[in-house]
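Each chain carries a letter (A, B, C and D) given by its place in the written order, and its residues are counted from 1.
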């Protein structure tokens, strides 16, 4: 790179903008004249990419960052344009957003709500970010979404799967492109029924924290609705590394299906342990014992190695999808980095594009304008087919993929195969569904 | 009736009878030495007096009150101060601070939450500590780190700290162990001066006969956990039993 | 002045000046320059962290620095203080005063109980006991006590305890009209309000919350100086130096150490309460054992047992944590753009491992360096530097009069 | 009853991991007087030895297969591991399959070298420093080591499967008269248990029956005297440290198939293993082993549904609760000596 902001011109420019004197009390803003928090005044606009760079989800965070950089490149007119070319809206032209060059700052959430908020705050207070995006866990997403609502910037959630993000903790300034526990369960249940029948006994192991609980509630409700019996629901400490003492009693409990409501390191370990115990070779109640992992992530599945083979779950997006959007994205990402993107990368790329497009259509970076542009917005061409951002809760509704660990992978990325694409109509729910009740969206907050 | 009355004290460690049946009476304002060969139970006895050990049998009365079952700091507050074999001082603190602590302990008791008083504003205590430092001829060293003092100075500081509490009974555990002759003699002189000038009872456990015979008014000889004999130094010197059990080998040193 | 001696008064005045002028001192680079983007620290959140963690470590230093008892579970009190404050915001009022008072009281009660039990042992046994209590608190806060569907949801688990529109808030009455969450305030002053001052290319931010926390830190610092200089403080140092002698000098060490433990627990509670006051969300990670370890690290970095050390250590740690984690390859390229391309890429390739996602590595290395070469922490480093300069100027450097605890 | 037997098996297995780590930790503490917070990192490095060997064995020659395409539509590449070219496909495949047991041989020199460098380069200079400094500098080292591993291997867990022959599980229940599937236990975990028993026995035998071990034991009891005897205790300490590093490393190697190694697995084990050492009594080898098994079994029992129904969340805190009770009732842990680490 050969440009530097430390040039004379930069200094002159800066001092030309600045006037001396006290401004009125403001919240998070750099100038009282602004109509909303961090209104971009120069030739550029700053986005904040807040991803886990340390901690167990660091690799997912790194993949998110790659996708963000790719998205910024495309927005600024670099590269092959990726999904900008397949996106149903044609507002974006590779000329930044609203003619402003897109710049970005990065931060580390550490997958801790405290640290994530601190990092987001520094982006808002110091770097003047108008939009915060990213993250790899629901606790972080909910915490940062709350912050953005108060600060008056837009939050485009990254990987967050808990019902609460757009349920009881939903916020007007926050949007989620990822699916959720309920949708996973709704998509999985019919597939499970056709595979394993409706006379099954399920045993749940659940990570003992917010996401685990909503995931367990959703999948238990969906499977019970089709006739399965829930034998037991066991909570496992988040810090567990060895799940043997939770898995050992499963076989003897009369259950013939084990549902692992685990994610990340928990999922890798519990699945590895379950396969070690030979659960999948057993016959219980005259049926083959089966394991289900409701939320799959390819990056994490890699950690479990061969243990994922033949195990069903759901995922937001997979690189092997053959629609135009997915193909364009995989090509663009793969060419730049040499390997296919993860679902986390896809999600955050879409979120960046959707934000940019909304700003372009609204003609402003004002959060209220963006919210208006995104609410009830229907689009296509970003993978997953036709998609709706519902106005009532800012949840995205799109097709959900049911996947299975591949028996004969052809490469190290080829771990999952799509079994079924469950259409939106099967996974959509009423905005006041009891699993999502208890919160209020509120109204958009532009800050200043 | 002495200020310290030890009656039928016994202490057992597993299979070892460390103290048999010890009876001891230390008269007020006297200097009383306890001697005996290694392993005779001197240290065990001392630890029973200060609350570090609790004897299995018997009683220990100080000034008419039992010390048994009390913690070391409570026994100290009753008026017993102890000087250790290797000087136990506050190495990280200055000499003056070392002296201030017992002064506070004497005036304010075992615990006093005075978190907002400035230590140096407490004239009464400061004066007392400085006075004691002068008496110990250490006033010029008040700002030094106690750990950097010489062995002899550390000993003097420790004795000074004990004295600043105005104890009724001062217990010394081999106060000259490992000292050079000159330092030993200084310590003897200091102890003599203390016992002459103050209303204080001194009980001393010692190996070095030179020290014992220069200081003690009465001597108890301990052997294998039981008192062999108790008498004046002159009588002890000539006592056949003592000669046989103990002095025989060490007479030269005396 | 203030019943402090001359040197302490000087120190206190310097720290006071630094706290009040921090918005200037921390923003040395003009707004918009690439240096400012990374190195300026004068934004409210980080400034608040400086002083709040300052309070926390000042308190920890009263325990560890004076008595030598190494608590490896101090973060528990920080977390307990945070939760108490948020509960106060939820139930009573958005005014931070009742919240801070409650957080200190609750942290005080917890530290009394935990301290009473843990102080029955010393050395590493004490450390492990405090660690065990803190980990129990963390695990329970994360799971059993944080389940929204249970009857005893005290902590809201992973998401963290946060405000909601339908909280009772007995004193404040109904929520704000526009459906936004109310903000924490000190009577009429909202914690997140800021005054911005533009001078030339520079932007200086004066944040209400920062000054409130800063003044509380100055009070805490003042109290800590008084404790250091009091007979009580001397007794605590005596505990560290020689417990045997303490006991045989008629002093009961237990209440002294317990008092120090409770005081430092209340400091942690205050810090936790302030964290919640600045940003009303309390997460369980604040209580994790690595958070406790971080407190120890800050104390050691600054200089254990010194007055100013905790503030230096907390500032150093928070600064580097925030700055390093935000540097990415793009920023590196921008800085090094004056170099020839090949060299630039090479250096960026190396630095890549030490910034952004590698910030833990850099902090770990810095921390090891300090422990290995500066056992007295950064304060010792400063003293050595000062001595070097002194020696250069004048040849008499005989500073034998050893006053304790700078 | 079958439930209890099952949890005892689980407990023994967890316990053997705890015991192995704690054994090395207490060996270092007992001989060198150093509290090593980087011990968990040694365990982690051991596990990554297994990962590394697996990667080395998978080094491949790459050829392109024009008939297939990869995800970008380019010709697909076919990788043939070099070992398969050298030893023939079958032999090569089974070498790769057995990479974890082979990694034991691979790990011993590496761990010994790591231990040697750590002791000579860092720990040596901290013998005379306060325990707090030792804890903190090794804590810093642990952070640095795990970050270095993360920089090379990423943050995600890496699967390192056991050899084919040891996958699956054994049905104890049918032998003991219970119905089938009542008590099943994975083969590899049994291997792990046996392996740790062998290592523990070897360490004890080494200390008991060799001259070297006798000197070290004497050093554990009274360091100064042994030094005065003119025995070069420094050299022996270095060797002891290397041995302790090997013990931790081997525990890590064999643990790799149980849970896929990740860079923070050391920190996950660190606090637990410290609790184990303290509960066992600082510096006591049998104490560490006893406490390891005891805590492992208690943890297994606490995670039983029947127990959790009575005390919700008990499995989250059981270890700490037990540690607190033991430290309070037995001041020096189960088998600790007087006066160690109390000042």
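Here are some notes:
Methods note: a residue touches a chain if its C-beta (ideal position, glycine included) is under 8 Å from a C-beta of that chain, and two chains touch if they have at least 3 such contacts.
Every value quoted in this text rests on a predicted model; they were computed, and no experiment measured them.
Via touching contacts only, the remaining chains, with chain A excluded and nothing moved, are held together as one piece. Counting C-beta pairs in contact across A-C and across A-D gives the higher total for A-C.
Averaging Cα coordinates per chain places chain A and chain B 74 Å apart. Spacing of chain A relative to chain C, judged by their CA centroids, is 33 angstrom. With centres defined as mean CA coordinates, chain D is found 35 Å away from chain A.
Centre-to-centre separation of chain B and chain C, using mean CA positions: 46 Å. Residue positions 316 of chain D each touch two or more of the other chains.
For chain A, residues touching at least two other chains, in rising order: 54, 58, 62, 208, 235, 237, 239.
Screening every pair of chains for touch gives A-C, A-D, B-C, C-D.
Across the complex, chain A is touched by residues 2-3, 6-7, 9-11, 13-14, 17, 68, 70-73, 76, 150, 154-161, 167-169, 181-182, 184-186, 188-189, 257-260, 262, 264-265, 268-269, 299-300, 303-305, 308, 315-316 of chain D. Of all residues in chain C, only 68, 70, 117, 120-125, 127-129, 131-133, 135-136, 139-140, 142-145, 243, 289-290, 293, 296-297, 300, 353, 358, 360-361, 363-365, 367-368, 371-372, 375 touch chain D in the complex they form.
Contact residues on chain A toward chain D in their complex (touch as defined above): 54-59, 62, 208, 232, 234-237, 239, 241-242, 244-246, 248-249, 251-252, 265, 268-269, 272-273, 276-278, 281-282, 284, 299-300, 302-307, 319-320, 330-331, 334-335, 340, 410-411, 413-414.
Within the complex, the chain D residues that touch chain C are 35, 122, 125, 129, 131-133, 135-137, 139-141, 143-144, 147-148, 151, 267, 271, 274-275, 278, 282, 312-313, 316-317, 320-321, 323-324, 327-328, 331, 341-343.
Residues of chain A touching chain C in their complex: 1-6, 10-11, 13-15, 18-23, 25-32, 42, 53-54, 58, 61-62, 65, 105-108, 112-115, 117-119, 121-122, 125-127, 137-139, 142-143, 146-147, 149-150, 164, 168-169, 208-211, 213, 235, 237-239, 439-440, 442-443, 445.
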